[in-house]
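Two complexes come next, and they have one chain in common, subunit A, joined by subunit B in the first and subunit C in the second.
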Partner chain A sequence: MSAPFFKFGAFGDEASLVVAFAIGIGFGFFLERAGFGSARKLTDQFYLKDLAVLKVMFTAIVTAMLGIFYLSWMGFMDLSLVYFGSTYLVPQIVGGLILGVGFVVGGYCPGTSVVALATGKLDALVFLAGVTVGIFGFGEAWPAIAGFVNSTDLGPLTLPQAFGLRYGLVVFLVVVAALGAFKGAEAVERRMARREGAV
Partner chain B sequence: MAILNETARLEPRSTATAAARREAAPYMNPYLAGVGLGLVLLAAFVVMGRGLGASGAFSSLVAWLVSAVAPAHAQANEFYADYLGSGVGHPLKDWLVFEVLGVLVGGFLSGLLAGRVQRGVEKGPRISTRGRLTLAFTGGALMGIGAKLARGCTSGQALSGGAVLSAGSWAFMLMVFAGGYATAWFLRRQWQ
Partner chain C sequence: MNISLASWSLPSKLALVALGLGALALFGDPYGGGAVTIQPRELAAMVQKEVDHVSVQELSDWVLQGRTDYRLIDLRDATAYAAYHIPTAENLLITELPGDSLARNEKIVLYSEGGIHSAQAWFLLQAEGYKGATILRGGLDEWNDRILHRAPAASTPTAGTLPPTPGATVAAPPAVKPPPPAAAPAAAPKKKKKEGC
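Right, the complex of A and B next:
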């Protein structure tokens, strides 16, 4: 076992901030490469014209998931030392819905708006001002909503645990679901392009 | 194949405005960009033992601003206090804050190399700039609230939690798409 490097004391807190900056550069670079600095490209997902959001996200999840699975199976990485957030089912369902609405209303999510700002989009700056005000509102409302935000705490629950399946089987099923989603996405895009052409 | 499709789709829009602005390079194939993003995410797990994030950096910013204006108020609030930490280090000396600064630099570098750095407001042809900016602010505020309710956004929950197969993250992700599709029709004048 040697990974995660930071958890095995390979470097300290100060150096971890340099790592954060470097990883952020990679993150921002690929978000922009994918076209996610553009609100119209992002929201085309919800008008079924361009399903790049689905394709990029699902591919990234599958890539990282397979890497984690393989590295821990080889004994190189200790998965138990990787941060794993608890599931708070109802707040996460409600939060996801609000976030989805905010995505179409605002045109970005927090990460992609940073990339859009970096490439000169003024609407991204206004969007980020909105994010900041939204978080401030949430913070001010905290005493009243804390009970709800902390409700339905299921602990650090994995999909394999939730469905009583083996980890490797769930990994396989996610890959199959991704391949199916990609095939479907390509078909939908072809169909929408034909319809556009006919008008 | 997909690269060709991408180029073809962008052609009409870019030729129409070719005289007005510099030709921007086509976007990367989405599957290739996804693999790149996935490897960056994997690197975060292997090197740091944690995933990526975005909204958390803005929570630190808000907590710091509130504590600068009203220190006692911020300390008495569990939500802000969580982001202010023990008070030993500066609240902005935080992993996610540095990561988001990197996102700003990485996004700019990629945009610069592709000729895509250009000042402007992005919107569909059927909405005014003022209307678009009002919606951008409103959407941002909803996003801030939703991300805090869900304990993360598309980066921290969907991507990072999704890759480690967190049940809550997958439930969250499905709901993001559900919320988006449910709203798309009402907002079509902004985008299409």
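Right, the complex of A and C next:
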């Protein structure tokens, strides 16, 4: 049996929801354990005082990437059957900026706001109310913005395809970039701590 | 400077592991160099369970719903395609098949006049690792009968539209023909008519 299990018919639509639920709970649990149920901790990222978000997310990326790469290489997984969405270059840049502003102002991103609500944070409830309003607003505005949202469609694109590099080389470069980012993040944190101490 | 591993912190050790795996990845290929193993039993089971089929009713629903999560491939030649094809179909000959335009993670629906060409193309794609390839049951003939003309259930079995076999001695092809009458609900109540191009 090889992955992806759903594509190979190992379980049906209903069972996939149970699997998704279990994965979701696990995701939320580890976000909470990393301290991401706290808006203070999350926004410290933007003041360069605590770069845990960068470190946790980059660790997750490296772990998943290495896992997928080696499972596929060893034949436990068929990477060509894994679905991923299209790249819509400009709309995704704009969307990323909007999400970033929301993150700084609200103190959460969508996933961490759910985690925070689960641990009883009231500001997360307010944040999620905002998310809901945003979703409805987006839906209502759809006819006006559909053209933009679907523009600059590059299709499903991977980094090896985009840069014309070998898959393994991209994996190596991402690992090196992550380790460099961790090192840099620690240095920044130390410097900020010294400055705080000096004030 | 102490280089003994025991004195390293856990994050440093993990970083070393990641770096090692990253360096080893330089020599690997996650797509397995294109080698695909064909598993005859698995294919036979798919045929037996008929999970490799899409019915014309299902397809007409998809077309009407405007679904975009499948690729409909017309295997007939360009002239026949130009004369008529099922809405949303793309024209690809069996010789062009795996091609660059199809991805192995897509749901692919194949059709030809009857069912033989599409069945052959299905095997070809499965052998190349296109697990999402399916056949339109009964092909264009059944689409014409059931969706376009809404013929009463028993009127035209597909045999009528098959080209007469020239050499009577050649026996093989009909083995892959789908069983046309069984699948259709007799009443065929909510059939939709759909225009061509």
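One rule holds for everything that comes next: the second predicted complex is superposed on the first by the 198 of 199 C-alpha atoms of A that agree within 3 Å, B and C clash if a C-alpha of one lies under 4 Å from a C-alpha of the other, contacts with A are read in each partner's own complex, and residues count from 1 in each chain.
The rule we apply is simple: contacts are C-beta pairs under 8 Å (C-beta built on N, C-alpha and C of every residue); 3 or more make two chains touch, one makes a residue touch a chain.
Nothing here was measured: the structure is a model prediction, and the numbers come from that model.
A.B. asks: With everything superposed onto subunit A, say whether subunit B and subunit C fit together or clash.
C.D. replies: After superposition on subunit A, subunit B vs subunit C: fit, no clash.
A.B. asks: Is subunit A touched at more residues by subunit B or by subunit C?
C.D. replies: Comparing touch counts on subunit A for subunit B and subunit C gives B.
A.B. asks: Examine A:62 and indicate which partner it touches, taking first as subunit B and second as subunit C; both and neither are also allowed.
C.D. replies: both
A.B. asks: So, does A:96 touch the first partner subunit B, the second partner subunit C, both, or neither?
C.D. replies: first
A.B. asks: With both complexes overlaid on chain A, does A:83 touch subunit B (first), subunit C (second), both or neither?
C.D. replies: both
A.B. asks: How far apart, in Å, are the nearest Cα atoms of subunit B and subunit C after the overlay?
C.D. replies: 6
A.B. asks: Can you list the residues of subunit A that meet both subunit B and subunit C?
C.D. replies: On subunit A, the overlap between the subunit B and subunit C contacts is residues 7, 62, 68, 79, 81-83, 156, 167, 171, 174, 182.
A.B. asks: What does subunit B use to touch subunit A in their complex?
C.D. replies: Going by the criterion above, the answer is residues 2, 5, 9, 27-28, 30-31, 33-52, 54-55, 58-59, 61-63, 65-66, 77-80, 93, 95-96, 98-111, 114, 116-124, 132-133, 135-159, 161-184, 187-188, 190-192.
A.B. asks: Would you mind writing out the residues of subunit A in touch with subunit B in their complex?
C.D. replies: 3-7, 16-35, 37-41, 43-47, 50, 52, 55-65, 67-68, 71, 77, 79, 81-89, 91-124, 126-139, 142-143, 146, 149, 154, 156-162, 167, 170-171, 174, 182, 186, 189, 193
A.B. asks: Tell me, which parts of subunit A touch subunit C in their complex?
C.D. replies: Against subunit C, subunit A makes touches at 7-9, 62, 66, 68-70, 72-73, 75, 78-83, 156, 166-169, 171-172, 174-176, 178-179, 182.
A.B. asks: Residue numbers of subunit C touching subunit A in their complex, please.
C.D. replies: 11, 15, 18-19, 21-23, 25-32, 51, 103-105, 129, 131-132
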